[in-house]
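Below, chain A partners chain B and then partners chain C, in two separate complexes.
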Partner chain A sequence: MSLYPNTYRLLSRHWLKRIAFFLLGIVLLYAPFALLTRLVLWVTGTPLLPDAHRICLRMPIQWLGQPWMYRTMLEQPMYLGAVLVLPAIALFVGPLFCGWLCPAGGITEYLSRLVPPRFQIDLAGRINPTPIRYGFTAGLIVAAFVGGNVCCSFCNFTHTQNLISGIFGHTLELSYWTSFTAVSFVLWFFVLGLFTKGGRGWCNFLCPAGALMGLFHSIGKAVGLGRSVQVNASLCRSCKKCVSNCPAWAISMKQDTAQVNSHMCNGCMDCVKVCPDKAISYTTNRLPSGEPAPAAPGVSSGE
Partner chain B sequence: MLHHVSLMMTRLRWRIHAFALGMTLALGAGLLGQGCAAAGQ
Partner chain C sequence: MKNIKLWSLGLVGLLFAVGFGRWAQSLFVVSELVHFSVNFPSDGRAETMSCCDIGGPWAREHEADWNDYPAGGVLAYGDEGALVMDIGREGWIKRALQPYFISISSHWLRNVGIQPYRIQLEMEMCGMDLEWLTFESAWDPVTHTSTRSIEPGKSFNMDWFFTIPPELRHQPVVCEGELRIVDADSKLLLTEMPIKILDSRATQ
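Presenting the complex of A and B:
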């Protein structure tokens, strides 16, 4: 900190910007506001309750194993919106939804900054959560076919909506927290949230939406499509500020150079802002041969 | 060379185990959730 006096100020401004987007996410996605959901329901003329369930990514996964729900998916195609749109966005620009809009990840990330680090588990750089998260997502898909119920009682997205609705007077939503829902709430909010460094332990280990977007983001990077967070090895001086500031535990050191794991990166850009040597940037992907990638639709090239 | 192969196998084993752990967690949670739902909880 003493070496780089501007770092904290830059990051603070960056955090404020992210908090503004996080509040926007609440207004767009969650009841009692759910402005985006209301707009889609109004445009499509769908008589459904405007709340976070309309953009749920897990329900369609569970319905794959419930043939009687196929008709619902055909009649209400907006249920497939999240499954199709979010990975498509991640393919070209990365999982920016996770790092900038998702209130469920944002709420624990920001609140975890209020908890003294000595009370927090620090897993950054010690464990690679990628295979666990992919395994969990695969398990959700398999569970759907063997009669498992993987929906709301395990969903941090629903828990956050219950919190928001409760704050705005819909206290009945809080009565939803019974039995196993309360257990998963404690695991998400306290164990893997407030008391885990970065506050995104649930996202990093257990979020199927994040896994799906991380998969598409890494595919985009591998084939040279779109943009991603990248490290210029010649500028990196191994200060490890990015490693300790990444809430997604996506950065590790390899041969004294920071490396970004595109399966885990959530596009929050904290590392870009905190790097004192400007070695990390959010830039256009290139093919492994070094050839410039073909321009992605709607994405400008360069910084 | 052998050292590299051994290291690679160790990493692969960790990834397979971690994947299986995640999958088991999801299946366990799914079946537990089904049980809770059936019990009205």
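Presenting the complex of A and C:
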């Protein structure tokens, strides 16, 4: 791991913890395991096989433009969980699903660390992904009205499921390629994954689930609800280690102080671990008046 | 200025999504991953009662409106007819990667009748070897039969994968096959749908 020697020494245990959670995400949500999905399907008596498609968040977002399709949730109840639970989690504690559980982002993030930086596109600070991601999400909804389909044709969750299934011997879906799945795979895995610094280019530009959770996270922070990653300006020495190590490109410098973009932060907390001055912490959001907000349900106030 | 820049970037994202979506759908509906729905029963008539449209039409808005469809029944949207796919209209990427490896998909084998059915699926595609894939747990892969009853208004799903053998390639009409949906208990034909695979790039 000599490609990022200093970072590795600081973050190795943190990364191992996150990798463990990504593996947990695979076990909970992806076939052939999908333990959480199996449990919900069993409890609800739904006669479907458990895999990543049962927890799709893209389709419920697209259905904002096709509301009659929400009746599908009656037959596939985990869509309800994805569209209610994940934004609620983001509202109160941040988009921790993105930074800690989602294998589709975790796979490319960690594999990208094996690629020498000189082969990677460094977009952090060069382009603001926030409006692009929101625009893409809006386009996902609008496309259905203008003869387009983005939801399933441009899905990295499907690619991740197909890869994992292929590893365990179920190669049929992995072996079938269309023009649009080939393009989306190359974009997700290579262009915006392995060959983009941070490995989260797809998440940052093109993930509607991330956009939805980022929106709720920002709302929570704006109204002083829940917790988020924040910078103590008095402690920040502008070393920019947080900026260069943030896979979500969520940190920028403003007037020599790091600032966290809550629309983009995925809650990975690499910045918290890498800051030499302990200027960044995952802490309770405060109301605009500066008063501490009431604690979110089940979450204690303070650090 | 900053707001204009933000809106411009948002517009870029939106246009990318819409543009990609339209390109993908143009390939979806004609060749690369054709989705279709099949409504049954149709009183065993050879005339098709099946439609081709992504998202599938709902034959009824509410179950209370069920009557003796197909007689007098209506479709919410979509077209009726045979499933037609044209491998000559595949995108250049698909044509380069695997032009003869085909998939068709139905997430909506829909019971539009007034009683539950256990269905058996029969797919004949000019003798081509088929691979069947479903996300249903109540499925017997040996007999191609659902092991649960499909209630009125509910659906079953199935994907099929097959490779066009060399002897069938390079001709305008590659194959004319069909999908039959049979009542697994009474063995009565519920409906059948012609499936045509064309190659508009082939010459006679």
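Following the convention adopted for this analysis, the second predicted complex is superposed on the first by the 277 of 303 C-alpha atoms of A that agree within 3 Å, B and C clash if a C-alpha of one lies under 4 Å from a C-alpha of the other, contacts with A are read in each partner's own complex, and residues count from 1 in each chain.
Following the convention adopted for this analysis, a contact is a pair of C-beta atoms (placed from the backbone, for glycine too) under 8 Å apart; a residue touches a chain by one contact, two chains touch by 3 or more.
Computed from a predicted structure; not experimentally measured.
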Check your understanding: Looking at the overlay, what does A:Tyr134 touch: chain B (first), chain C (second), both, or neither?
Key -> both
Exercise for review: Based on the superposed arrangement, let me know which partner A:Met253 touches: chain B (first), chain C (second), both, or neither?
Suggested key: neither
Exercise for review: Using the superposition on chain A described above, determine whether A:Val115 touches chain B (first), chain C (second), both, or neither.
Suggested key: neither
Practice item. Determine, under the contact definition given at the top, whether A:Gly148 touches first (chain B), second (chain C), both, or neither. Key: both
Practice item. Using the superposition on chain A described above, determine whether A:Leu48 touches chain B (first), chain C (second), both, or neither. Key: second
**Study point:** chain B or chain C, by number of chain A residues touched
**Key:** C
Practice item. Return first, second, both or neither, reflecting whether A:Val40 touches chain B, chain C, both chains, or no partner chain. Key: neither
Check your understanding: In the superposed arrangement, which partner chain does A:Glu75 touch: chain B (first), chain C (second), both, or neither?
Key -> second
Study note, to complete from the structure: chain B and chain C footprints on chain A meet at residues 128, 130-140, 142-144, 146-150, 153-154, 178-180, 205
Check your understanding: Which chain C residues qualify as touching chain A in the complex?
Key -> 5-7, 9-28, 32-33, 54-55, 58, 90-94, 97-98, 101, 103, 131, 133-138, 148, 154, 161
Revision key, fill the gap. Touching chain B in the complex, chain A uses residues 128-140, 142-144, 146-151, 153-154, 178-180, 184, 205-206
Review point. Inside the complex, what are the residues of chain B that reach chain A?
Key: 14-16, 18-27, 29-34, 36-37, 41
**Study point:** Touching residues (chain side chain A, partner chain C) in the complex
**Key:** 41, 47-49, 51, 53, 66, 68-69, 75, 127-128, 130-140, 142-144, 146-150, 153-154, 172-173, 175-180, 182-183, 205
